[in-house]
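Pasting the structures in now, so scroll down.
Next, two complexes with chain A in common: one pairs it with chain B, the other with chain C.
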Partner chain A sequence: MASITLDKLAHSYLSNPKTDADFALKEIDYEWQDGGAYALLGPSGCGKTTLLNIISGLLVPSKGQIKFNGQDVTHLQPEERNIAQVFQFPVIYDTMTVRQNLAFPLINRRVPKDEISKRVNEMIKVLDLSDKADRKARGLTADEKQKISLGRGLVRYDVNAILFDEPLTVIDPHMKWQLRTKLKEIHRQLGHTMIYVTHDQTEALTFADKVVVMYEGEVVQIGTPEELFDKPAHTFVGYFIGSPGMNVLPCRIAGSTASVGNTTIELAHAYNVSGAKTELGIRPEFVYLSAGKNGIPVRIDGVENIGRFKIVRANLEGHAINAVLREGEAVPADPAVKFETKRINVYENSHLVRAGG
Partner chain B sequence: MDKPYNNRAWFLVIPVFLLVAISAIIPIMTVVNYSVQDTFGNNQFFWAGTEWFEDVLRSERFWDALGRNLMFSAIILIIEIPLGIAIALTMPKKGIWVPVCLVLMALPLLIPWNVVGTIWQIFGRSDIGLLGYTLDNLGMDYNYASDVFDAWATIILMDVWHWTSLVVLLCYAGLVSIPEAYYQAAKIDGASKWAVFRFIQLPKMRGVLIIAFLLRFMDSFMIYTEPFVLTGGGPGNSTTFMSIDLVKQAVGQFDLGPAAAMSLVYQLMVLTVCYVFFTVMSNVGVDKVDGRVED
Partner chain C sequence: MLELKNISKKVGNSLHINDVSITLEKGSVNVLLGPTLSGKTSLMRLMAGLDRPTSGTMTMNGTNVVGLPVQKRNVAMVYQQFINYPAMSVYENIASPMRVAGVDKATIDRRVLEAAELMKLTPYLERTPLNLSGGQQQRTALARALVKDAELVLLDEPLANLDYKLREDLRIELPRIFAKTGAIFVYATTEPQEALLLGGKTATLSEGRVTQFDKTIDAYNRPIDLITAQTFSDPPMNMVAVRKEGGKFSFKANRIEVPGNVAGLADGEYKLGIRPHHMLLEKPDGAAMKLDCQVSTTEITGSESFIHLQSEGTHMVALMHGVHRVAVGDTLSVYLDQNRLFIFDQHEKLVSAPVFDSQG
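Here is the complex of A and B:
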């Protein structure tokens, strides 16, 4: 088990990168604590798999260093780094039984025989595979295979970290939840550092203590699920997390008032912005829809009913804005919106501006 | 609901029926006809029963030819399958050399059988052929027309040259379909190169290897053109495979009865192999999913 330090790490797939855009992974500086559960969240092609492969050693970064427990491992091979990785598609050795699969990494490392069988038996118990231990692994279901891939990493007691590369992609929906619970349970039981790559916000937010949100090769925010929800550091985070995502409205800001088109909105604090490209961010959960003159008049384009609540797609001075209506609330005839002032975030060039700053 | 009866539909079957009759049923029945009759010329035939079949199955000539066939198939399989796997493993997986390698590999497969035979016939001649000339000048007494070992060696070499590519291409297809994650996982598990081959590559190639094995077995079992062109079955009878023997009997000696009986036995064997081939093929890749417990 180890802490993982990324020291000015960056990677480009080109041999001679020049501009920022050439980097698949832009410079990142961070330390992952020993025993933490982290998620790397971002859309396809944002560099999260690149980062994961750098940590696992399948890729050597073009710049910077990666350290396990303070020790530089940048140029070490995957097998020398002592990490485990679970891939998108279950990787199992077809011709072997479940037991042999789990023993394989230990045999390769020349662990004594009785030690192997002790650890394998233990692992079979942890993974709930007792009744299938002596079956050929190829006949198992996808989630069982994924458990075996995980188990092959866990049998090595001393793994520095376990990396997951979208491990639930091929799992049936009703099994996803079970497997995720199992992962959490194993994390609590064994306390490994776990890094989980996904593009599914639900998976990331339920699995991790800290979520690293990536966008176009850049880490845009690292924070707890609450922080990501309340104070998205980048409009992308606001948009990507939450369903529906945060409303982002272009506006002009002067002191503590913002104006969207001809509408003025009061803010909780005064903001000092240079005025390059300023935007307001407000989560649909804090946009209240009411009837009459009591608010900013909007036009309603559509209503989506998704069971426990409705999403109202409205239009404010030409900008799309979503609001959430609780169950039982009716859509008013002459609608107007009000924002919860404390929940309004201000963005300059897509980055969050702190109050008074 | 009443079933509508309309016999005119039969007219639609007639073209296919005619085609199959002319291409398959009539020729085969002619052979069957010959195999149970005897003739003394004049187009007069007498019933012979199973006499020819008994003759064929008792004749040493038949068993010798069958033995040669099986030996030939065994030797080329033992050489071509491992060699094909080895070459496929060394081929590049991506880059500009992939198409180059693939085309080079496919070239021998595109050459017609009799041309292959002719090429090697000339290649092996000691007066004008590069191979024969070189070997002779190296002091080896190489002559495929008079030496049994040389004749076999040449035919086997020719077949390996002609058909290893097929095994290579099939294995290559199997290899490139293995997802990168397997190799990465093996690396993380600390697997050696041999372990990667034994536990990932070989199991993943299992399907294509079965296909390669059966295709090469069937094809080599029916070999005719190349040895016919190269050695004509000689020296002596040493490279007279079943098909060559059959043609000798039917066309050379005009022994229609025994030839027909032999060809039926031969066909039965090929059919059996085809059946096995088909059965195995349709089971390849079908993973038995057992123990799918929904809980």
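Here is the complex of A and C:
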């Protein structure tokens, strides 16, 4: 296991990058701790695969260094880095049994025989594949094959890190639940340094201790799931995390009040902002709908009942705004909204402004 | 109106579609919900006329269409993989079905521009598909399906290969866009959440059978049997095998009063289903079964916590609002509220469901 240091790392696919926009991965400076579970989260094209390829050694960065346990590995080949990788599609040998598939990475590394059988047996148990251990992989279902793929990554104890590249994308929802939980349990038991790349917020948030949110080549926030939910550092994080995402309303800020059109909204603190683009962010979970005059009047454009809750799509002074109603709560006839004051975030040029700052 | 009666499809010895009878109304949104290999694609191929059923009848507006090839039907289909003509511009890709149909130039131009606007493709009309992002490529395929003015639009997991957030946006727009065309809209997905967001009606599939076909929220709230309940739940519904004796259900040493509405049930084996967000950490006012559990994993999303639990060998998940930090291995009591139980009999048929509103 190893800590991974990203030392002023940046990458451009152009030979002569000039401006910031030429970089697929803008400068990142961060240290991943030994034994941590991290997720790289962002839409396609955000740079997460570029970063993953730099870590695995498929790509040499244009700038900066990558270090494992403080040692520079920037120019080492993938096979010299001692890392395991699990991909979106199962990478296994169809003609081998489950057991042989799991043993293969260890045989290759000349691990002693009894040690191999001990670890393989352990992994079979962890993955709940005991009844299929001696079956050929060919006849197994897609998710069982992906389990073997995960197992082939996890069976190596000596790796510096395990990298997962969208490992559950092709798995059915129910099985996703099981595999995700399994992965989390394994991480707890074995303590590998794990880096998990995904565009699926639920996977990222439930798996990782720290989530790295990327957008247009830039790391916009690194934080715990709670931090990303409560205090998105950038409006993109607010939008990307949460379903539906955070409401972002253009506003004017004067001390401790915000104005959206002709509507005045009280804030919990005073903010110092310049004349630049200012917005307020409020999550749908903290927009309360009520009847009558008690709040800001809104027009309701639609309601989606998704069982556990309802998403109310409303319009406030010409801006779309979503509210969430819990199961059993009715949509009021003469609707108005109230924001939970201490949950309002203020943004300047899309970046979070701290109170008083 | 597309009417399927006792449709079956056998391939070799395996029954891919098993006795399906459903009626899809004009201008309706219909979701086919089920896991991989449950028959969603097979059923769509039969509807499209790409495959011929082994038995059963299928009529479109009263006319028999069994045996009528896909070219002779007014059908549009979009697949999970982005399928476009790589050498043609986005404009020509969208225009192609109208060119084939011999539509006049001015109409083609108008309709392509309209569809491109709806699908947010206007800036990319001159590009070729391979120079577009995955989302734009799939929107091109969707725009082509839209201009075809088909009576039947079949979308087979069209958003599965797209980014999560893009999926969220398109999912809201698609039904609205297609509703305007008056077509019968059929949408296959593996995700319960997606079915709920699309609304309309949902047919749940399991091993080639349609287990239920109902208004989406009603199927979610009152699944007719255990397999439908499992198909239509994410996170998975918790199941506790109980025995009814007199006025009590018992699970090992744990007991709960049988709800009044099903007091007359015969004694015997039952299963209680409880959705994860109905698992309570505090005792509710009414009757409840208290279960002592061990925490096996916790997952915190920032706004919610999933707590995975073991009780007497049964695995369960509790979904809690807000952040709940509990350590793995801790013991915890959860309560199953009498008013929140789905009750299934020994044949796995629903005998009682909690009462929810179907608004929206």
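Note that in this section the second predicted complex is superposed on the first by the 345 of 357 C-alpha atoms of A that agree within 3 Å, B and C clash if a C-alpha of one lies under 4 Å from a C-alpha of the other, contacts with A are read in each partner's own complex, and residues count from 1 in each chain.
In the analysis below, a residue touches a chain if its C-beta (ideal position, glycine included) is under 8 Å from a C-beta of that chain, and two chains touch if they have at least 3 such contacts.
The structure presented is a predicted model; accordingly, all values stated were derived computationally and were not measured.
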Side-by-side fit of chain B and chain C on chain A, or clash: fit
Touched partner set for A:R188, first chain B, second chain C, both or neither: second
Partner chain in contact with A:T257 - chain B first, chain C second, else both or neither: neither
Partner chain in contact with A:R138 - chain B first, chain C second, else both or neither: first
First, second, both or neither for A:T97, with chain B first and chain C second: neither
Inter-chain angle, chain B to chain C through the CA centre of chain A, in degrees rounded to a multiple of 10: 70
Partner chain in contact with A:S149 - chain B first, chain C second, else both or neither: first
Dominant contact partner of chain A by residue count, chain C or chain B: C
Least Cα gap, in Å, left between chain B and chain C after the two complexes are fitted on chain A: 11
Residues of chain C defined as touching chain A within the complex: 35-36, 133-134, 163-166, 168, 190-193, 196-197, 199, 217, 220-221, 230, 234-236, 275, 277, 296-297, 299-303, 306, 308, 317, 319, 323, 328, 356-360
Complex interface listing, chain B residues touching chain A: 179, 181-182, 184-185, 187-192, 195, 199-200, 203-204, 287-292
Chain A residues touching chain C - in the complex, by the definition given at the top: 43-45, 142, 172-174, 177, 180-181, 184-185, 188, 199-202, 205-207, 224-230, 239-245, 283, 285, 303-308, 310, 327-328, 330-331
Residues of chain A defined as touching chain B within the complex: 56, 58, 77-79, 83-85, 87-89, 91, 93-96, 104-105, 108-109, 132, 135, 138-141, 149, 152-153
